[in-house]
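Chain nomenclature is as follows: A, B, C and D, assigned in order of appearance, with residue numbering initiated at 1 for each chain independently.
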Amino acid sequence: MTQIRKIINDPLYGFIDVYNDFILSLINDPLFQRLRHIQQLSLSAMVYPGAVHTRFHHSLGVMYLMQLCLDELRRKSIEISELEYESALIVALLHDVGHGPYSHTLEHSLIKEFHHEELSLYVMKQLNEKHQGRLDTAIAIFENSYHRKFFYQLISGAIDVDRMDYLNRDSFYSGVVEGSISVHRLIKMIHVSNDQICFEEKGVLSIENFFFSRKIMYLQVYLHKTVVGLEELMILLFSYLTNHIETFPESFISKHKVLQLLSYSNNKEKTPDLIQTMIHLFFELDDSDVWYLIKDLSSFEHDSIACYLSQCIRNRKIYKSIKNPNEALRKELYEGLNLSETDPKIKPYLLIEKSILFHLYDHKQPTFIKFKDNSLIPFEQHDLMREKQWKNEVYPLSYLYYQPKLK
Amino acid sequence: MTQIRKIINDPLYGFIDVYNDFILSLINDPLFQRLRHIQQLSLSAMVYPGAVHTRFHHSLGVMYLMQLCLDELRRKSIEISELEYESALIVALLHDVGHGPYSHTLEHSLIKEFHHEELSLYVMKQLNEKHQGRLDTAIAIFENSYHRKFFYQLISGAIDVDRMDYLNRDSFYSGVVEGSISVHRLIKMIHVSNDQICFEEKGVLSIENFFFSRKIMYLQVYLHKTVVGLEELMILLFSYLTNHIETFPESFISKHKVLQLLSYSNNKEKTPDLIQTMIHLFFELDDSDVWYLIKDLSSFEHDSIACYLSQCIRNRKIYKSIKNPNEALRKELYEGLNLSETDPKIKPYLLIEKSILFHLYDHKQPTFIKFKDNSLIPFEQHDLMREKQWKNEVYPLSYLYYQPKLK
Amino acid sequence: MTQIRKIINDPLYGFIDVYNDFILSLINDPLFQRLRHIQQLSLSAMVYPGAVHTRFHHSLGVMYLMQLCLDELRRKSIEISELEYESALIVALLHDVGHGPYSHTLEHSLIKEFHHEELSLYVMKQLNEKHQGRLDTAIAIFENSYHRKFFYQLISGAIDVDRMDYLNRDSFYSGVVEGSISVHRLIKMIHVSNDQICFEEKGVLSIENFFFSRKIMYLQVYLHKTVVGLEELMILLFSYLTNHIETFPESFISKHKVLQLLSYSNNKEKTPDLIQTMIHLFFELDDSDVWYLIKDLSSFEHDSIACYLSQCIRNRKIYKSIKNPNEALRKELYEGLNLSETDPKIKPYLLIEKSILFHLYDHKQPTFIKFKDNSLIPFEQHDLMREKQWKNEVYPLSYLYYQPKLK
Amino acid sequence: MTQIRKIINDPLYGFIDVYNDFILSLINDPLFQRLRHIQQLSLSAMVYPGAVHTRFHHSLGVMYLMQLCLDELRRKSIEISELEYESALIVALLHDVGHGPYSHTLEHSLIKEFHHEELSLYVMKQLNEKHQGRLDTAIAIFENSYHRKFFYQLISGAIDVDRMDYLNRDSFYSGVVEGSISVHRLIKMIHVSNDQICFEEKGVLSIENFFFSRKIMYLQVYLHKTVVGLEELMILLFSYLTNHIETFPESFISKHKVLQLLSYSNNKEKTPDLIQTMIHLFFELDDSDVWYLIKDLSSFEHDSIACYLSQCIRNRKIYKSIKNPNEALRKELYEGLNLSETDPKIKPYLLIEKSILFHLYDHKQPTFIKFKDNSLIPFEQHDLMREKQWKNEVYPLSYLYYQPKLK
């Protein structure tokens, strides 16, 4: 570790230390700085005005929590080499570097070919080349090909530093205090046994709290009906744009890199070169490009549908929503839409349905607790838990959105 | 007050109640929603990554604090009519509605003719027309023509709800906890005497704390040397763009509303119609337009100066800074700049000087404390204060920024 | 409401306003001031050193939350008269005034005849007499004889202001952040329908959070194995003292009011006069009397058992504990106790067993949610809940404590 | 460092780690456990009901902050041996172990011969003997005889871990948020230069904030006029008891260890044996002994003065107070006291005067800042400070308390 002493203010954790010069150089790389302009929660800020924090800050927070975990594990005599230590910090820092504008909302709309984690990997490899292989171990951990699997679990498990930071941070910035978790207690309880991340037995209630706080954040924030409604509008808009991009005038497309990407995206056969161009273009984008496009479309007389959808998003013309609609209601609404004064082309966009499944807990990613005799059990088998409660615990959500009138 | 019950989460205050339907309609107006896309602290987020909160949220917070003040004053038997109550809330809500992209940084760069308060007034008048004069009293308060002056002081005094919210909110989001103030204690102490806002005597230390917290926020956040350095680069860029707008290709200008505004701005004679067009254009803009422009300029080969300055801002190529430079140092730096490999046109932009005066306390806006016998004195005359300390208390800051090398 | 403006600092809520002069006089009454010297959590502070807050502060907090509820209900057009308003505040303030030293731990040890709520009622009646019947309505509410039942539910329901304050306050002072609840959100959701306290439907996750936070506070703080172990020692000591009080020298008894109370307590036939004397004596006591006694007993050579138990408590000689002991283990421990060097009289006190049932949710006190169509259902029937999970949800806890060695 | 992992919840800092088994054994020593029953702020809780935290918790907090400082200094390449590290933690833990009941209030009333720091040293030496010299270095640091002086400054300087914890903790528990400081930022700035504790230059505003927060805590909490008034009553009572102890019946004195100590205290000639007995007795005492005595005295008909003063304290019969009284007012009050119905012996106790000097900053203990070139200057010479402001900055407080009527 070098002599630099770079600290970054964080309202959640006080101060985040930057471990060394190399990590500082990764933070300063334009590919990472770009995350300053991508909000963590996309359209949730439309309902929770405080929730405007960025992927940039979240990534720093994940790195901070990773460092706490590593220090705690070392304190418990788990050996972690200097290379592993730095590499784990790097994975934490860069795990979301592949996110594009409006994060999850547009994840499959802008560049269908890749999941954001593949794009993160892409960036890591770019940076690895630039830095003569110093990210080799970080990449191995991220790809889960590193031989000590617990490092991967730290960044990608049921209770990992990524989730810990985002639940905590999203709760903090949205003001939904009931979604807060005790990251510090969870981390005091963390351990490794047989290359498996686990938590000391007396942390069992903290684990339960983690999953119920997660439920609150999903049902109240991420899947808030208004947020979902706006996201659906945006996804609809981008799907429409993709399908009709050839009808847009060249002069308009040339104004918007987002549209250029969509037009490439339509190509049936994608050569490696084209893919390369698309990825390059993708990493030029951030939230401002999408918002700039939506504002421009909202007065774009050339296309009434794109214009209508953009206006809805821009001016927060929120559709009314019905939870768990039945068939009769659905039919009534379809017929009841007052369309006389409306452009008939818009009609299909006045009713939107969306179904989502929320999983409280995923059995494929068990969370283990460790007793003093070093035995491990899935936490749901502890006698303060009710095992059945955690079985197949799925909450289906179904919404019907409709625009009652157009002004 | 009607039966609606609209509450908005706020990490600072818990929940903000929307007082009635009319105020809700103002919040929902596109002119106000626009503030969602204007960050409160402009480029400070480049140093404090948490400080990405918006004018939208700040405005709601100011309205909330205004409501607390009004309730407290009523509790102390100050009569406030229903019309005054609603109007004061409206003034609080709309006081910043005239802010443009990058707030104070670009305040005098985008539209020189008007201060942001004049533009706020412009919007209020627009809304007043739309709502058949319901904002008459609000406008009178904002213009300080309302006969009960204390309402104006609540929104525009040395310790007003605007400052209370922004110090508190900026401290919270930046993580600079030492800048926090106790808004709740200040408001418990608030009173009106002879139409003058004042504070009960036992609040005197809260007042002192307010001014010293303000000092911290100014010197550590708003006027942080890196923030000022980036702001100067942006002001320089916009000044350059304004002066050279005619050299930019029409196709490029037509892509960017910001540039259109700058080109209008250059017109020597401004007809009322042109002014109208400019204002209309101005209110189309938010932070995304400016950032979109900066990103576009950063690869704009047509103009090396605009391109260079944009790259610096975008990629956070921070100049080195020297505090209180002396003449010798200044000279040495000018001569020492290694310009051999650099485009000579950029040379004038490699050294920037900036001087600022920070005022701890403004004697033209005294803050009064009220004794139990109802007498008022300026707080600095209280025996727990040192009057001299508050006299002419000015802190001059002077920075020299230079770019040591160009890559 | 009069012109006084008495505010009390509270780290949880900022400031607590005292509603009027009459309530201020109740707070200043020695019977209420006495609560300053009774800790809220009795021996929990032995494990959570921050949890030293008092019944006094808790009672003020309950009054504060009651005021928030009443204001919210008025905002929702539930009519509440001035008399009801004041009375509800008084009930909240005085609900715990009957608590004695070491609260729940010694509730049945010092004065078996009465539950603390009966003693609270006793004090309220005393104060009512002193104040010419001004507490009539408060007493009716507290006895649940007032015709509008929802007032009683506010202070004594599954989710009432008492529980809200103590969960929140105990969580805050103990530092067990996972036990915190959002009192402000719950109160924003509160409503009355058909004289029944209920919560708006969108508060359903806050209700779930309330019960799971309560589970954490019970299992981690109130029923923490070390806390229970110390409480059992103290109960054992007081039971021993009661049964052997006649063997103590008069001079020792006369030093300690607590012992005088225990000696009265032993009387087989209790005349009304004796009861009166006992109650009077009881209200002279606070935590300091009990601690003073324990310290005195810890060097009391006259009685080796009382001395031993007191030393254990005073010096925190914590017994080892085994959860869910089986018969074999139990037997082994009995036999294994190294008693050779120990006073044989102490032997029965070296092993303690304790079983407790924790109820997650009590079906006899359902919590209702209210839909927009005004229909009510028990919250556990909401589709975001799992009804079965809330059925018969009982957690049995069983501990065996043993003292491995005596020094 | 051993394998134990003992963590203690702290609402301020989250969790406090106990460094090793030896420190755990010190915490478990009855001499340290005794601090659980001594409140940090003595009678301040009478005004700030949340401020009931203990010397026990404060001592743990100081140890925690010491650990943060040591880790930060090691990070900055200041060499600290394992022995120094442990010893510094021990000094922090035990620095207040000599405090008696009601801390500072009764510091000079119970045992005049020693300052609390001498008594802390006494306990350290006791423990050192018990532990075969393991506290040698800790004692050297505490006595400031250790050759590396900066360790002493860490625990006893103008900005030391003791003050940092108590300002922060007292602010937190009292709810006087304006008194909070950023311990974390101060500690990030800490450094050692030439064996002198100093702070990096960019911490200068944190230092200013520290001293102004301290001013708030002193003037608003520690020296709050009601707190001072109650303390004066208590000091008066103890002075009276000391002077009249021989008039109290032996049976009463034998009930109260505090009175036994006072009677020893009266002895003109104190043999080493007597001193030893007194110290031993002193360490038997905690707040409960004093409160138990005050309650007993409040119904002690034998002595009307002791009885009167005790009632005032117990029942919070607060005297009225006048700030900066002038001679005329003083005379008027003396003459105006309605004493006709009062026991004439009480007359001298109905008027109390108290003058205090509060020092904002002590020039004999300068606080240094360190520039990047390693030069040190007193912080008040920094250009963001006003040197004059810190010169001779003394605030005299003068109160006259009087009891207007006796019931």
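Criterion: a residue touches a chain if its C-beta (ideal position, glycine included) is under 8 Å from a C-beta of that chain, and two chains touch if they have at least 3 such contacts.
Everything quoted here is computed from the prediction, not taken from an experiment.
Each step here moves to a touching chain, and the least such steps from chain B to chain D number 1. Placing every chain at the mean of its C-alpha atoms, the farthest one from chain B is found to be C.
Averaged C-alpha coordinates put the centre of chain B at 50 Å from the centre of chain C.
Inter-chain centre distance (chain A to chain B, centres taken as mean C-alpha positions): 31 Å. The geometric centre of chain A is 44 Å away from that of chain C, both derived from CA atoms. Residue positions of chain D touching 2 or more other chains, listed in rising order: 14-15, 185.
Across the complex, chain B meets chain A through its residues 8-11, 14-15, 28, 30, 33, 36-37, 45-46, 48-50, 52-54, 56-57, 60, 172-176, 254-255, 284, 286-289, 291-292, 295, 314-316.
Note for the complex: chain A touches chain C at residues 177-178, 180-182, 185, 205-206, 208-209, 212, 215-216, 219-220, 324, 383-384, 386, 388-389, 393, 395.
Residue ranges on chain B touching chain C, taken from their complex, read 3, 5, 7, 14-15, 75-77, 184-185, 188.
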